[in-house]
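The structure appears below as structure tokens.
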Amino acid sequence: MSDLKTAITLHKIVKEFSTGSQTIRVLHGIDAEIQSGELTYLVGESGSGKTTMISIIAGILYPTSGSVSVFGQDIYSLSDDDLVRFRLQNIGFIFQQYNLIPTLTAAENAAVPLVAAGMGRDQAVKKGEAMLDNLNIADQARKLPRQLSGGQQQRVAIARALVHEPRLVVCDEPTAALDAKSGRRVMDLLREVALAADRTVIIVTHDNRIFDLADRILMMEDGRITHDGKTLPDH
Amino acid sequence: MLKSITERLRGVSFVRTILPIMAIIAIIVTAFIVLSGQPDRSEEEPEISPPKATAAFGNADSVAGSGLVEPSSEVIDIGTSLAGIVTKVFVAPGDQVNAGAPLFLVDDRAIRAQIQEATASIARAKAARDTARALLATARQQSALYSGIEDERAVSKQEVIDRSGAVRTARAQLAQAEAEIRSADAARARATTDLNRLTVRAPITAEILSVNIRPGEYANPGGQQGGGSEPYMEIGTTDPLHIRIDIDENEIGRVQLGTDAVISPRGEANRRIQAQFVRAEPLVTPKTSLTNAATERVDVRVLQLIYRIPADQGLFVGQQIDAFVRAKTGENFSAEQAGDSQ
Amino acid sequence: MTWIAIRMLTGDRQKFFGLLFGVAFSTLLISQQLTIFINLLERGATAVYNIPTADIWVMDPVSRTPDVALPMPSTALDKVRSVNGVEWASPLLRSGATIRTPEGDLEGVTVVGVDDATLIGLPKTFIAGHREVLYEPDSVVIDSSGAAKLFPPGFDPIGVRLELNDRRAVIRGIVDVDPSFTSQVILYTRYSNALAYVPGTRNRMTFILANASDGLTAKQVGERITDATGLKARTRDEFARDGIDFIVENTGIPINFGITVALGFVVGVAIVGLTFSLFIRDNIKQFGALKAIGVTNAKIRLMVAAQALLVGLVGYGIGILLAAIFIALGSINSPDFKGFYTPWEIPVLTAFVVLTMIMITGWLALRSVLKMEPAEVFR
């Protein structure tokens, strides 16, 4: 992996939530750089701030202070609509609960980002089918999400995250709802299909079954990065 | 190709395609139902056209009134001067009669008997006169005998007085007899006059409008007795006919007296007859309504205008008409008002 | 994007049909009640609209409606005829009377006396008989709903003798008119007959029907009549309006129907609003995901609007068709609904109400989506 490039730069990210009179500081000034072409894990206990962190990286949560640069673009200096457009073009999302639209078929679900970007229905669905084919579930393209197993659903979700070929893919606990075997298979696929030279994949997880697949693990505790390495620190 | 069509057909979703189409059809059907069900509130022309002021005088002002057709002589209610049973009616409604023509006859037998009686009296009086004349001649001759004797002693004075007295008596008797003749003559003349009076005659040349007496009915000089007091006969001059137009008293000021009127018979509004002004009745009278209701009370007074209508219009006496009379034009109306105010 | 919205909406049949039912039901309720309301009110105007020939009604200044009127002296007719601009004028008598039917029942009727010569004031459509029957002696023409009220179904009333204020009246024709608000039996007869049928008061002529000359509007001529005669002159539409206003002012109908219509709206908003909110809430995660992926709020609004429009269109279509059919069938089959029609304004108005309703509920449901931070999908 010689052609690592800095894809994302976090600079002094602070995030505070106020609940009534109380203000809780979740992130305490994080500086980090994430390279493309790597599978980066963001791990930590719940409440450690990793979800807030990934939200800020993905451009869906404004930090209280600090700046985020994604592929050289300071995303929080963009207008709201530009930020939405930036996300649509550059970021793919994979959610813990898949969040597939239950009344659309697998192929149609996979095509949603293309449709949102304005592509015609037939062409978008065709691309969605092709993506499902890449993920080896082409035979399930016409089925509705509830007719699919959890692993298959997550693969549809992955297809949706990748169909528009984003440069950044963020995954929130992709294996949490899956059994070990399916989770493993999903991660293998993700690694195989998603990871490319100019693509950054960030995975938030605390599923220790899949830590061995990481290229880099950032560990968070109480709003700070406490570890950065190929593997977890030994205890 | 075929496969793609069937595939498409299968792809047609009931909920997403057919339902909205059905909804649009439903809305179109509704629109049709609603639009075809709108009530007809169009206005239209009356089937029988009513009298129109505009047709009478164009756009000029007019005063409307209603009226009745009447004879130019007005209606003459014929009465009788003598009471009696009617024995003969000489005319029928619609007849044209000349002045003096007999109309009906009241029972004349009693009068005729009176005439005969008077004639008999005359004959008797004449006989008495003859007797008186004979007596007078005799008395004169006897008296002449005495007057020829010069010797006063030849006849007694008594005798002479008797003879001359007989002559005077006979003369008086003759005078009485002649008076009786005149009296009987007069009685006959009166009876003959009454006989004439029993024949009721037309006072003017006119048309018989109605006949309400028939032979056998009793005619009274005071007209018929009882509530339905119809005249025995109505006559009137129907050439020309007049019309009597009622004008509401509030409109009197607007009427231009002396000008023509345009009239239309009821129900024949399209016929417009030009009528010539005759006169205005000097008396403003309460309006007569034609409802015949006994309880009718009227608080409206009307001015009656009389107009002559041309001959042969086919109008009948008593017919109702709608009339439009010319109103004073704006100029002379306002001029008159200005004159009033000065 | 909208096809996705529609698919999201129609995917859950239960909720979708619930929404349709809600919209259809309130459409039906609102439009049907409004229609009945309007039609009931317009019963106050039928007496005017039943006479197609007159465009001006002249009456005593205190007269208010066709049935609340003070008669005028008979010379008023000539006064009106004398007004420049009046094309023609004819008398009309409207008065209440009681009749005795052949069975001996007593029934209140409205006697309408029309001009003897022209029969102006008669309705247009004869179901039985023709205009000229009125020239026969003692002849009256009855209105169709009155005939239905007086006689058993299937009975032919032609030739029936009625007793009208102790006078003989023979039914010689049936006219098709919309019943009045009180749905009294209406008997049309000639003016001179009517004078005999109606108990005698000093003045009998209730109205003068008139028409404006060419080139003048009814309004202008009406003003001239008022100036010249001091009588009240109303145009046809004004007088129809007066009849309606009288009902509005003197009955509780507007309030009652207003409440029903408001209830229809509230029920509609409640059903549709709740179902729609429920539907949105069920899909909130999907909406969140869409927002995160990069769908702008504008597009989300568009999606919800598309969903609302579909529900509105289909629900409205069903509801309005049912309402129109209900009124159309009712006016054919029931004498109570005779003459009822759906004014074209009502479907349009209902469409706006439904649109408002669906927009309000859509907006309420949408608020939670728009307010939602996309970041919430990560929790």
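Per-chain numbering from 1; labels A, B and C assigned in written order.
Criterion: a contact is a pair of C-beta atoms (placed from the backbone, for glycine too) under 8 Å apart; a residue touches a chain by one contact, two chains touch by 3 or more.
Model, not experiment: these values are computed from the prediction.
Engineer: How many hops, at fewest, get you from chain A to chain B via touching chains?
Structural biologist: Minimum step count, chain A to chain B: 2.
Engineer: Quick check on this structure: which chain has its C-alpha centroid closest to the centroid of all protein C-alpha atoms?
Structural biologist: Located nearest the centre of all protein C-alpha atoms is chain C.
Engineer: Between chain A and chain B, what is the gap in Å from one C-alpha centre to the other?
Structural biologist: 119
Engineer: Roughly how far is chain B from chain C, centre to centre by C-alpha average, rounded to an integer in Å?
Structural biologist: 56
Engineer: Based only on mean CA positions, could you tell me how far chain A sits from chain C in angstrom?
Structural biologist: Centre separation, chain A to chain C: 64 Å.
Engineer: Residues touching two or more other chains, restricted to chain C: which are they?
Structural biologist: Only 7, 10 qualify.
Engineer: How about chain A: which of its residues touch chain C in the complex?
Structural biologist: Interface residues on the chain A side: 51-52, 54-55, 58, 60-61, 81, 84-89, 91, 93, 95-97, 99-104, 108, 112-113, 115-117, 121, 160, 172, 204.
Engineer: Enumerate the contact residues on chain B facing chain C in the complex.
Structural biologist: Listed in rising order, the residues are 13, 15-16, 19-20, 22-27, 29-31, 33-35, 37-54, 59-66, 246-248, 250-251, 254, 266-267, 269, 287, 289-291, 293, 295-300, 302, 322, 324, 327.
Engineer: Quick check on the complex: what are the chain C residues that touch chain B?
Structural biologist: Touch residues, chain C against chain B: 6-7, 10, 13, 16, 49, 52-55, 73-75, 77-82, 84, 86-90, 115-120, 124, 131, 178, 192, 195-196, 200, 202, 213-214, 236, 310, 313-318, 320-321, 323-325, 327-328, 331, 339, 341-344, 346-347.
Engineer: Name, in rising order, each residue of chain C that touches chain A in their complex.
Structural biologist: Within the complex, chain C contacts chain A at residues 1, 3-4, 7-8, 10-12, 283, 285-286, 288-296, 299, 373-375, 377-379.
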